[in-house]
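Next come two complexes built around chain A: one with chain B, the other with chain C.
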Partner chain A sequence: LRLICTTTAVQRKNVGAPGPEKYTEAFIKKQIEEFNLGKRHLANMMGEDPETFTQEDIDRAIAYLFPSGLFDKQARPMMKHPTEVFPEQRKIQWGEDGRPFHFLFYTGKQSYYSLMHETYEKFLNVQKHQDQLIAQDLPLQKEKRNLAGSRWLSKIELEEMLLEKLSDDDYSRFIQLLQKLVALPCADIEENYIQKFSKEVPVQLQKVVIEPLQYDERGVAFSTGEGKRKTARATAVVYDNGTGKITVNGTDILHYFPVLQDREQLLFPFQFLGRIGKHDMVCTVSGGGRSAQAGAIRLASAKALRSFVTEKEVEFMRQAGLLTVDPRVKERKKPGQEGPRRKFTWKKR
Partner chain B sequence: DDKLLTEPLSHPDFFNVKELFTLKDLFDARVHLGHKKGCRHRFMEPYIFGCRLDQDIIDLDQTMQHLQLALNFTAHVAYRGGIILFVSRRRQFCHLVESTARACGEYAHTRYWQGGLLTNARIQFGPGVRLPDLLIFLSTLNNVFEPHVAIRDAAKMNIPTVGVVDTNCNPCLITYPIPGNDDSPAAVELYCKLFRMTIIRAKDKRRQSEAIEELR
Partner chain C sequence: SRHSTCTGLQPPFSCSCRIMPVRWSRYNPSYLEPEVKKESYQKPLEELTEEEREQMELKAVRPIKAAPPTLSSSVFSDPMISKFTNMMMKSGNKVLARSLMSQTLEAIKRKQLEKYHKAPENEKETIECNPYVIFHQALKNCQPIIGLSNITKGGKTYQVPVPLTDNRKRFLAMKWLITECRENKHRRTMMPEKLSQELLLAFNNEGPVIKKKHVLHKMAEANRAYAHFRWW
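Entry: the complex of A and B
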């Protein structure tokens, strides 16, 4: 929900450089000198060569000299180069005679508008080229640009690139202009320019590699799988040509899991695939409680069974929820309450 | 140095801007075409030659005089190293105006005008900002057909303005109005060309005069 009626005080203030006195050029230079001096002192203290003292060495030295038990890594003592510590600031935009350097300085958002200007110029270039090709009756190239594997820069990334604040409207306008540019047939000419603003999207669906079957000394096929549930961790080895015997931590499941529910959980993957009497299983499990161990072994056995089974059946297993790690863990207790959700008894008086 | 600055002011047309354009050029670029009779602004009536089939025709003789005065003024400002800001809120000519400004080495503003740009410049840009010394309007109206805020702000900040006023515009607060068409691409390209040539000419003249002074 966006507040429509806000006072000008609440909206973004039209402040020029925020605190230009703090990060002047001279200040940053001094900080860099102090950093280099400090680096050499640190190297001497640690007994290492000051010339070849890298940033990782600095981090290790600081972690050794100032051990901190704080959880947040960024709250611990650190010693970094000033360019990483102090955010990049815009330097003074005009020369000695007062004339600004950039021709769009008086608009307020010079980088953004100059970007729009450049992009529009590329657009006009492409149109001109297209007109020339049409005049010469040449065919317009149309190689389908692969849009699936790339995305445009996000608003925050664009802000970092331009060192300027953008509004949502500005950003959407820029993206629309880029899309118009890409839609033209002869946009290949400006491919270099467009690539500055597009990013490769990493393949999200990481194809889970199903391991092939391994064969032991007797020639029996087997496969391993790992699973976890709450704090329990289990590994299972499923052998082919078996009789349905299941061993857990050296003992039979009847002795290890006296409760029927746990044994049902173990047998569920085999029952789902209809291979109850066909496989043998040997598993090891540690941690957690009764149910958690059962769930962990179930997941481990399902993962191991993937190697024995067709891809379609793997998809069925995945849809049945046999291959998903159960994310539920014990919720922490909060202060001011008796448990994770239970509040203290409320007394009227 | 003093002589450099006072010498051009003694001549009526030191930079010879009259030769840059002729009446025929203005006519060919369709500068004389105004809007329809219903859109006519009361204060533009002195500049209108007549009305044909409901369309106003601007008097090109007056336009010539005003254009000569305006170009002369811009040349003087450019000669003295002043900051010139081209303003236009027409989307068609945004790119053209910005390219013209860049070619001259001056500045342009063809985007949304934030309220306090001239009046609140100290806070918006920083403490030591220098404001423009001349505003050139290629179109005095903004996208809602109202007078551009910059005209009023420049008048408040004592910045002289040069502007192309069409038959539906208000020429009141503009120091050097140029009655003429601001809608046709041909007319706007002509104006851009003229301003660019005057500014470049004035700057070259300045450099030459400085070189001559240094040789002495």
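Entry: the complex of A and C
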């Protein structure tokens, strides 16, 4: 017996997915009013002043009233301004008669293609200006733009700007076009337009604070550092006015690290700075294997040496790769394979 | 029969590079290689060329990868020797490979010193005693200039002469040396002895590895007619 009772909605075939929910402007306005009202109620409940109730106070109040043991912070109860909760969406792109406003609507990615058109228009403008200058025999300005201090917008930032999904290919084409535009000698004319798509990168990557030296009872300056590599964790204490003795977990390095390569790694920061016989070191290390422990102590000692040394030398150490934590760890084994990369032996039958 | 399922590997971080690398690394693509040599940091600003200045500015802004355990700023660490040691290594036994390498260099030094002490006064200056210099020169002599690659056209496979990159040349030279030493030696001779022998022969442009290089060159010369099959 076949079920014959079908509704008209089910009978319609070839209906596309409804897509993300579209919020109208009135809905967002109402949400904002409700949020502000709720904020004042919450302030009253907590006994605070409703006028000066900031977002941090709201977060603390909600965490107090609705304690949650969930690990994911996004899953816990939260009360935020509606513009942060509801993603920014494009308003309806067509008028009452059904005709779209933008001429590129039917391409599907109207903002992306209109952006490409605009950028290419600027490119042609710059070329025309260049030709005019050549016709008048004037010298072309060639001021080199500082490439190191700025970066292009990332794909996610561009998507947010255009309110449209982009593919990797689209994004790379756009960046290539921008680079071509910047490479022209007279690109300074369109500097305003280019600046919309470039971001400042902090010039010095020295965001880390260097700790000052500490002094122990005998008046000898010392400094501590921590390092890790794979599963090994190490702490190192570097003393000034030393003879170059290095102790690891209570034993001398010659006994702890019989392999030459590990001892070379321990001495690497000292040799790089030229301070081989001037410091004493006492370190503790646990976990990992022989090479991982050596790498962890190397990082710890380099971090400790930062306090003894000028800023320029710290920058040199960073460029030599002594101050970066090595992110390489053992790759996991995957199901259906024998190891992380090795597949099972292929048998024909 | 068992199907070996190959799950599509995605890197855990978001890659902002345009070409997806076949071998991915745990570092973000914006990380630069570390520069370990002390001398490059002691040059004063005026001596640097334009490119070097740009490179320095770029390095000040970008993060740098951690230096690998085989690399160090001491005079004894040489990237070419490390590469050769890694190629000699079997099943991750770096300790053994490194000891073999140091024994080889010692053997070279001993042989050269013997020759030096036996030679008459006027020839003493021509004998090279530094094993690192001998190693580098021998590798350089073994590197082929042109290689052959198999190109299938119209059902038949031809050996087409093709230019080689620096990395490939170095790799081939090292590979030939190691295979030569592993296969064509008497059961009782130790690897360092045989390697030192081969390196000294290669230093003087003699020996089986140099012959192999010449054979490859002759084959490439013989197949000159197919050079236009190459499209890259």
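The working rule: the second predicted complex is superposed on the first by the 178 of 349 C-alpha atoms of A that agree within 3 Å, B and C clash if a C-alpha of one lies under 4 Å from a C-alpha of the other, contacts with A are read in each partner's own complex, and residues count from 1 in each chain.
One rule holds for everything that comes next: contacts are C-beta pairs under 8 Å (C-beta built on N, C-alpha and C of every residue); 3 or more make two chains touch, one makes a residue touch a chain.
This one's a predicted model, so the numbers in the text were calculated from it and none came from an experiment.
When both complexes are overlaid on chain A, the residue A:W94 reaches chain B alone and has no touch with chain C. Look at A:L37: by the touch rule set out above, it reaches neither chain B nor chain C. Legend: residue contacts after superposition of the two complexes on their common chain; A:G108 is shown touching chain B, with no touch to chain C. Taking chain A as the reference, the larger set of touched residues comes from C, when chain B and chain C are compared.
By the document's definition of touching, of the two partners only chain C reaches A:F268; chain B does not.
When the two structures are aligned on the shared chain, A:L124 is found in touch with chain B, with no touch to chain C.
In the superposition on chain A, contact of A:M161 is made with neither chain B nor chain C.
The residues of chain C lying in touch with chain A in their complex are 1-2, 4-7, 9, 16, 18, 26-27, 34-36, 38, 41, 54, 57-67, 69-74, 76-77, 94-95, 98. Interface of chain A with chain C (complex): residues 146-149, 154-155, 168, 172, 201-205, 259-261, 264-265, 267-268, 271-272, 274, 291, 294-295, 299, 315-316, 318-322, 324-329, 334-337, 343-344, 346-349. On the side of chain B, the complex with chain A involves touching residues 81, 83, 85, 95, 98-99, 101-102, 105-109, 111, 114, 116-117, 120, 123-126, 128-130, 132. Of all residues in chain A, only 14-17, 20, 92-94, 97-100, 103-109, 113, 117, 120-121, 124 touch chain B in the complex they form.
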